[in-house]
Amino acid sequence: MAERVVENLNQALHALLADDPGLTLLGEDVVDPYGGAFKVTRGLSTRWPDRVRSTPLSEGGIVGVAGGLALAGQSAIVEIMFSDFVALAFDQILNFASKSTAMYGRRVPIRLVVRCPTGGNRGYGPTHSQSPQKHFVGIPGLSLHEVSPFHDNRTVLAGMLATGRPGLLFEDKVLYTTRMYADGVVDELFRYDLIGPDADVARIWVDDPGQADCVLVVPGGLAARAVSVARELLLRDDIVCQVLVPSRLWPVDADTLLPPIARAGRVVVAEESTAGGTWGAELAHVVHQRLWGALRAPVRLVHSADSVIPTAAHLERTVLVQDADIHRAVKEVVSGD
Amino acid sequence: MTATRTEAPPTAPTRLADVDLDLLLLIRHFELSLLDMFGRGELHGTTHTCLGQEYVPVALRPLLTDGDFVFSNHRGHGHYLARFDDPHGLLAEVMGREGAVCHGVGGSQHILRDRYLSTGVQGESAPVAAGVALHLKRAEPGRLALVYLGDGTWGEGAVYEALNMAALWGLPLLLVVENNGIAQSTPTTAQLAGSIGGRARAFGVDHLRVTSTDTAVVRSALGPVLRRVRERCTPYVVELLTHRVGPHSKGDDNRRPDELAYAKAHDWYARYAEAYPEQFTAHDERQRAYVAQVVREVTGRPASRWAEADRG
Amino acid sequence: MAERVVENLNQALHALLADDPGLTLLGEDVVDPYGGAFKVTRGLSTRWPDRVRSTPLSEGGIVGVAGGLALAGQSAIVEIMFSDFVALAFDQILNFASKSTAMYGRRVPIRLVVRCPTGGNRGYGPTHSQSPQKHFVGIPGLSLHEVSPFHDNRTVLAGMLATGRPGLLFEDKVLYTTRMYADGVVDELFRYDLIGPDADVARIWVDDPGQADCVLVVPGGLAARAVSVARELLLRDDIVCQVLVPSRLWPVDADTLLPPIARAGRVVVAEESTAGGTWGAELAHVVHQRLWGALRAPVRLVHSADSVIPTAAHLERTVLVQDADIHRAVKEVVSGD
Amino acid sequence: MTATRTEAPPTAPTRLADVDLDLLLLIRHFELSLLDMFGRGELHGTTHTCLGQEYVPVALRPLLTDGDFVFSNHRGHGHYLARFDDPHGLLAEVMGREGAVCHGVGGSQHILRDRYLSTGVQGESAPVAAGVALHLKRAEPGRLALVYLGDGTWGEGAVYEALNMAALWGLPLLLVVENNGIAQSTPTTAQLAGSIGGRARAFGVDHLRVTSTDTAVVRSALGPVLRRVRERCTPYVVELLTHRVGPHSKGDDNRRPDELAYAKAHDWYARYAEAYPEQFTAHDERQRAYVAQVVREVTGRPASRWAEADRG
């Protein structure tokens, strides 16, 4: 059986630290034996005690320190224990790391990745369950990625650092304990491949990758949920749904995402975030601009309710995006025209 | 100015009034039950117990009035139970059952009731409490805002922004630092340079360190501090050297055996049991049984409801 | 001649402080004789020395203190000297002030306004010229407003505080020294009125408010620029453009904005922000969803270039939205179908 | 540990080497010219001059090597000119003309050249510099990261987060505090509780306060500090009690006449002129003329260009 996402991430970090002696990893409680709140950093500090450091509780300061390492020509990865706390590092990300790549009148490489354990469904409550991607969409110089069960994290992280631009990597907490997909196989019905010039977009299809009634685009955190919805749609509703999961959310890789959407003429974008200024709305705008005329229906977005995320599981479910919400959206889009 | 109350553990702890002992034991058994329930998979999410630190809010209880604001943190069950005689409401909140203080929306870490508030972002409450203290100073002199915070939380810049404004503006803000020598998995020595006393003094704020874990001793050390905060309308930092006997949250404790033994050796519970076996055993039994009954009762309740009108 | 925007704001604050003895105003250098970096708070501290306070440099802390005052049942207004620095208060806004309205299982009023002098065109450089509205779009519990020359700020501020929810008020710095419009008159050609249930949307039209070739929606900071573009379009290109300027950006007042857009069938939304996750993209999404079929072209967005904002005036111009960009967008949308 | 060098203004300032005097005067006339140009509407945007504070970077100049990182702030022209003999590049940057250090993109507040960086958000550079210092400690021992910051900037929490990590990790981070008694319009007493010395010590960081405005005295006080930071790989806070003789930025100065007079009375410029009239007059004339020529030259240049490839 394929490795779990948390193992893939952990191995990716091992490999990156081994490959690049200039890479430092910082975060709260990341050293052994604890190895991070979600155990992503296990074993790293034992091998590289000087380059893997537990820090005080200082999210802004840690990202600043990492920015300094990057400014000095090194690479840095920061773990924010819960992505909700990246709010405390907003200034360092917006006004230092991202701006420094350009505001001195020339390109300055800033090799910095901020890892953000993200999302709900674990009963951690309103300040430990958010999906803050949208707050960072469209910051010049900053890229956004999301972990998925289709994308090898060593490739993703190495690619992010290689751009010389800072980036955030969102990691849906529910994903950690699930398994990576491997060898192009999702299950007995669905196959996947990685498409686009950087093999950045995972495409999950049944039978024929060139044919679908609807395209469902989701970030990595919703990938498994999207696949299970696609399966149900196929089996219960006879709707062929192709799922696209980009690793890089921003900048949007429109050239790779648009052709399948154009072919189907119908698209649903689902995110766990609340609505308003989201990555999905931005993608919708690109689709409307560029595929006007080819679309059979407006882009349909699926979000969590406009609400704080309650702690109790039975309440959390009433707020966060459920499979049924995505299912319904696809059905409506497909039957709507 | 820092003063230190360095009572070395006396041969015997002070004998407590029943009401204090009951409260200590209520908190102890409440927390133990939570860990049990987590262990049995009956609880969802996360929680942070205050095992070993129960005496802090118990010592403070009679020193506070309903008009004071209390800002708790992630490790807040003891703070809540010392303020409200309401284990049912708190457990229902943690379990998401009917009668939950916050309808199960906040859970263990996010509670608001009257003038008591906790939230999950470390350090964030310090400036908020300073704002509340500014209001109290102007509108309700003699009242104060108390913030509980851990040693690790002194890593956050927000704490210093709050201290600075509180000192400049003479605000009745009391920071109660539960210095348990660790933040999640990181020892204080690895996350806090200098000292908490120094950090208070740096802002011209008085500081008192209390090493005793004896409820009565702590209370008598803190009495004059709270009086001073009220009367002079001035911030104050109280640092309690305390001991986290349990894990950080559910089962995450990687401390070495000697570190755990050190914490255990300072636990008021065993020491009190030994000193006053008779009083202890009776009350311990009673509180254990009471909590067991609370657990049974709340477990039997239906899920909490969150009305549309309450959704903000 | 009508008063300047800065005077209107200043008078609004005078009135609010006079009306509400529970209102406190906090910010860096807000007291007399300095009266704030942009002089918006002039005279306030002389009248209310205890309720108008200069603070240390502590953006996060100040918003926290204001949140505490609000929690205690009072009202608070914070001035952030340059809106770029509101990044330092992101946690207090996202995780405390906004969440506290709902995360305790019941409504908690938080009467808090954070005033943010915003935008470029003054040569202040990359960290003093941004338009950070988009980072705050779609935070449950938070509302976003923008100062315009059409909306009286006393009404706006009083309305924001009355909602019992925290809000940000963006104030385009270029607007401060320009004049308010009054009495429904823009110039010899254009008239305006305030429409919608809260009279929240300023509608600027020529001849007939029910008729336009295109609707141009802009936040207050671009209002004067939009009007001058509309004028030029009319005189040079014979295009009738109606301008809509909502005071409240978020939540979007769709019921008021959509009917005129539906009538024209063509809409341009212009913002000074860079593209990506903006208010405009969100508005576009609402329009595409709700007016699909009534639109003659996809919603056209106009943004500043994907870039830091350079300091030198001649470079700043190459990056920030210019009248010509808006002009071109409207012409393209109108001639495109 | 805080030490204070409280040289009361000696009857005569130390006679300086020509190179130091020239640099002081270059900065002075550079700043005066900027204010002039703003007054005449020839400059756009904003700027903050270091009038009265020129001696700080001049004193530090020979104590720094090219391998050290310097983090400047909004009031950074003197810092830049003491590091790079380049008034043309700086003026071109402020004016947006050809030859600008950062092509006119950064302007007065945002400059990067080699190991020199300034930016416009107060306090933000402190953790960044700590990160650089971490790199230097590991890869280039003996080098340091210096951060200039004002007294008002000690309001920002970022400063404490940086100090804490620098102290915990033993980083060669030197904070040079130009305490000019004011932040924009707010006197230090209204924005800073306690003391800067106390704040350093609170984190176990050494602190030196220097009250002299005499370049030579300041330099000899700072020499051992920088040696110590390099040799022991340890943070240090140096606080210079200094005097802002000009406005905060262009013309915004609401200080009372006595406050202005006090600042002026501490201005090294007049005192040096009086003590060494002959040396002073010749060099003053020369630098004034030089800056005038720089202004003429740069004013004559075409606008800066920002190539597509340089846009990040």
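Letters A, B, C and D name the chains as they come in the text, with residue numbers starting at 1 for each one.
Operating definition for what follows: a residue touches a chain if its C-beta (ideal position, glycine included) is under 8 Å from a C-beta of that chain, and two chains touch if they have at least 3 such contacts.
It should be emphasised that the depicted structure is a prediction, and the values quoted were computed from it without experimental measurement.
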Shared interface partners, meaning chains that touch chain C and chain D: A, B
Set of chains adjacent to chain B and to chain C: A, D
Mean-CA-position distance for chain D and chain A (Å): 43
Inter-centroid spacing, chain C versus chain A (mean Cα positions, whole Å): 31
Cα-centroid distance, chain A relative to chain B, in whole angstrom: 37
Contacts with two or more other chains, residues of chain C listed in rising order: 55-56, 58, 60-61, 84-85, 88, 91, 95, 99, 102-103, 105, 125-127, 140-141, 307-308, 310
Residue list for chain D, restricted to those that touch at least two other chains: 100, 103-106, 110, 119, 121, 154-158, 161, 164, 168, 190-192, 306, 311-312
Category of the chain touch graph - line, ring, star, complete, other: complete
Sites on chain D touched by chain C in the complex: 44-46, 95-96, 100, 103-110, 119-123, 152-157, 183-186, 190-192, 252, 254, 303-304, 306, 311-312
Chain D-touching residues of chain C, taken from the complex the two chains share: 28-29, 31, 33-34, 37, 54-58, 60-61, 84-85, 88, 122-128, 307-308, 310-315, 318
Interfacial residue positions of chain D with respect to chain A in the complex: 69, 100-106, 110-112, 117, 119, 121, 124, 126-136, 138, 145, 157-158, 161-162, 164-165, 168-169, 306, 309-312
Interface residues, chain C side, partner chain A - complex: 60, 84-85, 87-88, 90-91, 94-95, 99, 102-103, 105, 125-127, 132, 134-141, 250-251, 273-279, 281-282, 284-285, 288-289, 292, 297-301, 306-308, 310
Of chain B, residues touching chain D in the complex: 154-161, 163-164, 167-168, 190-195, 198-199, 201-205
